[in-house]
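In the two complexes that follow, chain A is the common piece, with chain B as its partner first and chain C second.
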Partner chain A sequence: MSQLTRFLERNLQNPSLRLSAIQIRHLSSQAEEEKSFDDEEFRVLNLRPTQVQRQQRRVYKKDEPQPPRTKVMPVDQDWPNVWPGPRTFHPASVPLPLRQGFTEKNAPPPSKYGNAELMKIPNFLHLTPPAINRQCEALKKFCTPWPKNLETAEKWEKHFPVEIVKSDYCHALPSVRQPEARKVSLKIKLSNLKFDKHSKDKFLRLVGDRYNHENDVLTIQTDRCPTKKQNYDYAQYLLTACYYESFEVEDWEATKSLADMEVYEFEHNKSKISTEAILNWGSSGDKKKVDPGFAKSVETLINEGENEYNLKKYKEESKKLLGLK
Partner chain B sequence: MLRKLLSTPTLTTINQRCIATTAVNLKVQSGRYRITPKKDKPLTYEMANPPHFIAHRKSWNSWNTSTIDGGLRPSETAIEDIFIRRFMIGTWHSLLGAEVIIKRQHNMVRVALIIRQAISPRKVYFLIGYCEELLSYWLQCPVKLEIQTIGDRKDVVFKYI
Partner chain C sequence: MSLIRVSTTLNSLRQSSLRLSTVISRWKSTEAAESIEIPNRIHRSPTAILEALASTVGRDPTAPHYKYHDDPYMVPNSNMTKRTYAMAQESGRKAAKWIKENNRELFMHSEAEPPIAAFAPEMVFTEESEVSEQTLKDLIQQCEITDAVFVYNLMKTKGIEIDDALKQSLLELVCFYNNSEPISEEFIEERWFKQGAANRDRLSKSWKDGDLAEQLFNELPKTAQSYSALIRGMCKYYQVERAYALFHESIEKQIELDTKTFNSLLLVSSFIKESGEMRWEFCVDLLRQMKERQLRPDIGTLNAALKTISTIGHHKLCRTGAIKVLSEFKAIGIEPSLGSYCYVLNIFCREKGPTSHVLVDILNEIQGKEFQIQDIRDTSFFVTAMEICRNHLHDKNLAKKLNELLHTGKNYDLIGDSYKESVYYRHYFGLLCRTEELETFMETYNHLVPNIYIPEPGIMEEILKAVEVNGALELIPRLWTDMTVFEHVNRESLVLQVLKIMQENKPMLNLEKHQGLNEQFAKIADNIYHKIADQDPIKVQKLSFSGQMLGDIISLLVRGAENQKAIDVFKFAEDHQHSIPGTPNESVLLELVDACIEEKSPSVAISCLQYSVENNMNGLQLADKIKKGFTLNENHLAKVNHLVNEK
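Right after this comes the complex of A and B.
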């Protein structure tokens, strides 16, 4: 279009035809905007368009930050809904005038805005009493009532004599594994197990120092298997195996002589025969038996050693036995 | 023989002196700032208290159970924390107002930041999602960003030295 116009311009230099040329110009509005070539000058080839008007840079309109949310919070709002879970402290959400930080010269501590110290410390804003109450209410439907006739600790011990101690660990790691969690310890009072004299002695020899003489409690701790379940089963197995093994009587156990005895027993010793001989001296018919009090005193005297009390007791029992005053 | 020994002294010294690549401890200088003549150097509360005030005037920047007695993965946790810090400093470039705080609970990592309100909220939302997504993928555990914003750099300045 513009080329056509120029062509017309150049050819219509003739004044007689100028009128029509003006009409054409009016028709082509674009051509009007271009620089006129009235003076017959060459056009300038502008390689560097320095004259071009620069576009004005758009001014970035910064949004005004919202005022802190605490300013629009109603007084009777539901706080557990505002802070439902564990979260780092945020000053615009907590409507408390908190301050934290050490300052010198009686200056006020730094306020809650832009305070990294308040963000570092763990907070319990999600564990307010109403929140805990609500969680307990929600968990209630999963709970079962406490079994009847198991109200006191004595009843627990009577009906459930075996105590199992396991431990679970919580830690801040991507893994839930903790090697310490595999340990299981089994506790039982030996008075709950039925033994005879031989089996009790053998059982205590089998368990060794796992038995506590002071409170009569046997503790079996297992940690050699990799999982808790395996260790639990192993502890149960150990208790069962030791119990039944203690009732086994081996052939070589019969060869135990008086010198192999670990404690003095009146029944198996020369002392009993001698005492009975003294008691039944010169008499025939039914034999007198030794008073159990005397037997006890002899046993304590030899097992515990001679002391004032044991000797005195022995003296009294001997006098009683012989009918002396 | 003697000449030969004397002619190669450097070899023996090189054998004895090994190159140490460990960073120098700089126990006296690290975490402390020098006073400027004009007293116009801004310090945050974290910077104003040197390291021996940790647990007295300021608390730790990393919270986890690796360093307690019997804690697991202490070295891995430390390396991951360094990585998270560097990633945050690079991602929120020139926006961070204070140190990055990393808290771990179970398998979750919560990263707390203080940033300046210098970019549009849209970009902030993008960067939050970007950080959470990438860090969750790398650390193989959920990562949460908890951000507090400040209007100006001076909002976190505690004092000038």
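Right after this comes the complex of A and C.
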């Protein structure tokens, strides 16, 4: 080391080297420099700046946090002001000794401080009964009274037979659009519409499985247009169009033969002719009519298929018809 | 008829959404046997429901303002941290904005539907940009002054014709902002914390002479609109001479100016005319001219006239003037705004003038009313009125009435900015502290401190005085904690006062609320001692000990039975005798010697004696005490005798 220093000293005359020597001296600390001046001959070259005593770093004193504010909350405070909206649980703001979570056997669940379990679950601290009460009171001024003479469900149905169902959605996305919101469904009881036999049959064929036989309700749901308004108009159009279409009688409907019938009807079938022939065997003048009970039993037997009940019924009716005991 | 059903469904988009409402409506059938009365729908604005819900929520005094995080680690506790935290948040917002502008290509997508213009990067105009009249129109609409001026210049160099109407609107924009960019409206916090400082240096001429506004004006045909715009701009930025000259020019050319222009001239009348009488004459003259032109004055005229009057020094003149103006405006049906009342207060309640009870009448008039901002000065009313309550009338009931008005409806919006808010509460506290009973005052204190208002050191001093006068020593520990939290502890006067109160007033131990106070006081004293002794050597404004202070600390420690600590403090005082001005009282040293006797440390007691002798105190009493208290060995005895006899 010292050799190197001497070498440097010798070369100090060289102006280009002088600069570097000065820089090196800057690297060494003050104390070391003084020491090196003490014995002039061997100055120590300190190549490692790490040996320089670092100035002690300032210790940053962090202020103590305030005690949780639950401690200063008065007991009669207005809770909806403290917790006005949905928020993640915070132990310093909720003055309840809550505990939640799993622990060892016979130990109480962890307290509310630093408890992730309590933060995970959604809380309803903002929906306390007083808060809901207050909000309802505030919203009352936007509500109108219930219409007069519409108190019972029968009356609603009587006066307003068509039911329209629309939906609005609220979600946290940049877009306010919701594809589901465009759907509109229209419901009506078919008993509210006036049909004749032909048109009812045709109407039911037109609407297909949109008609519920059990409760007589027709449901038309539309979602093919992009907006709710368009879908609403379209549903109304469908209902109107189907209704009037069902009253149209096409030319080809007259060519419907027995084979095209979807149900067995006693009136139009061979069975009626044969029965009448049996009943009126050998008699002239007044022709006997077939008993409607027998006609019914034949229809059910063929339409619903053979089963014990239908067969028994058919047997009874046949006996009655023929006067057998 | 509608039923509202709320149910949650899973949305096909990656987030769950709330199916807000399912509306079921029915068509009415044609045959109606009984008449059904369906009430009409109550119409409401799009935000009416939100406002109604918001009106059910009040301010929670235990919580910080909602801009801060509600967490003990992040709630600001002093005025400085309040400001720092809010500004830090703001600077984060600015950084985000900067990144958005510097990485434009990353933000070109628009996810929101309908698109949100504020989320998209701002348009950048260069020499090559395609610009049209529509571009300029849009920019003026959005008040983008810098861009608008740039586009205007670009259009000029490209030789695109600009319509006079568009030029006029550009002139209006340039005059309004004086051709410089204002603070963006997004930066609420900056405005909230800055305005107090900004208002003060605005009273000098800042109009840009010969700038774009005047060029535009010269290019335009000389119409009433162009004159109005330029005159108003010049008045706003205090280029009053030229504004006045333009006004004369317009009169010569028989151009009909509007009310707002007259108002702006009235506002700067104190710059146009020197003396009070001349200002008043000028004001009357302008009003007369308005009458000749059949211009209907508005609230701005009233406020401008009152402002002119408030600048007149002559007492009688301005009082009579103000009354005249007010009654005339009342006759034509113009309701004064809060700003007008503020000027009235300035006129009637002057520092050296006679006491005026005009504020009582004003408050009776406007009690329970809700105000909307009409004039920039409206925001000064509450702070001015509270100052008058405190300094002029000394009336706590009036102050409470005023405070009630402030909390009526949305009136709190008119408090102004952070500076005005804290001045308002400073006066309120200062007044209550002097006039109210301490107990009721402390209720207000608990309610407002620290989340709404943090007392300044001056107010703290007043509170401490009140505590001392009332002998309510039990409040001292609490106030001391507050002072530590509010960073008042580096105020020497406050520390001295706290020490003095604790030292001079001994807790009465027969009172229940004074139980344990001695120990608490000792803790506080110890705290103070360490705060000063362990100060950061780099700190610029350091607190320094005085002999008195150390004496107080020692005696408090002794009373709190912290004898060893008291001895340590004494040793410190002894070691630094030469750097600490003053000495502890002799009574304190007596107390300390008692403590030494308890601790059985004669050497300290003797150095105590030595200290007193060295500092020219009568050591006889001390020496007696030492002799009685200890059974001294020869050395010690010799020393004591030596010290006493030396005297």
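Note that the second predicted complex is superposed on the first by the 181 of 325 C-alpha atoms of A that agree within 3 Å, B and C clash if a C-alpha of one lies under 4 Å from a C-alpha of the other, contacts with A are read in each partner's own complex, and residues count from 1 in each chain.
Rule of thumb we're sticking to: contacts are C-beta pairs under 8 Å (C-beta built on N, C-alpha and C of every residue); 3 or more make two chains touch, one makes a residue touch a chain.
Being a predicted model, the structure only gives us computed values, none of them experimental.
When the two complexes are overlaid on their common chain A, residue A:P65 makes contact with chain B and with chain C alike.
Residue contacts after overlaying the shared chain place A:P97 against neither chain B nor chain C. By the touch criterion stated above, A:P86 is placed in contact with chain B alone, chain C being left untouched.
Using the contact criterion defined above for the overlaid structures, shared-chain residue A:G323 touches neither chain B nor chain C, since it reaches no partner.
Between chain B and chain C, C touches the greater number of residues of chain A.
Of the two partner chains placed by the overlay, only chain C lies in contact with A:Q77; chain B stays clear of it. Residue contacts after overlaying the shared chain place A:V165 against chain C, while chain B stays out of touching range.
By the document's definition of touching, neither partner reaches A:G282: not chain B, not chain C.
In the superposition on chain A, contact is made by A:G114 with chain B only, not with chain C.
When the two complexes are overlaid on their common chain A, residue A:G305 makes contact with neither chain B nor chain C. In the superposition on chain A, the residues of chain A contacted by chain B and by chain C overlap at 63, 65, 90, 92, 170-176, 178, 180. Interface of chain A with chain B (complex): residues 63, 65, 86-88, 90-92, 101-102, 110, 113-117, 119-122, 170-176, 178, 180. Across the interface of their complex, chain A is touched by residues 44-46, 49, 53, 56-61, 63-66, 70-73, 77, 97-99, 101, 103-107, 110, 112, 114, 117, 120-121, 139-141, 146, 148-151, 155-156, 158 of chain B. Residues 58, 63, 65-69, 72-73, 77-78, 80-82, 84, 90, 92-93, 131, 134-135, 137-139, 141-145, 147-150, 156, 158-180, 192 of chain A touch chain C in their complex.
Residues of chain C touching chain A in their complex: 1, 9, 11-13, 15-29, 32, 34-42, 44, 48-49, 52-53, 55-60, 62-63, 70-73, 75, 77, 111-114, 116, 446, 485, 536, 538.
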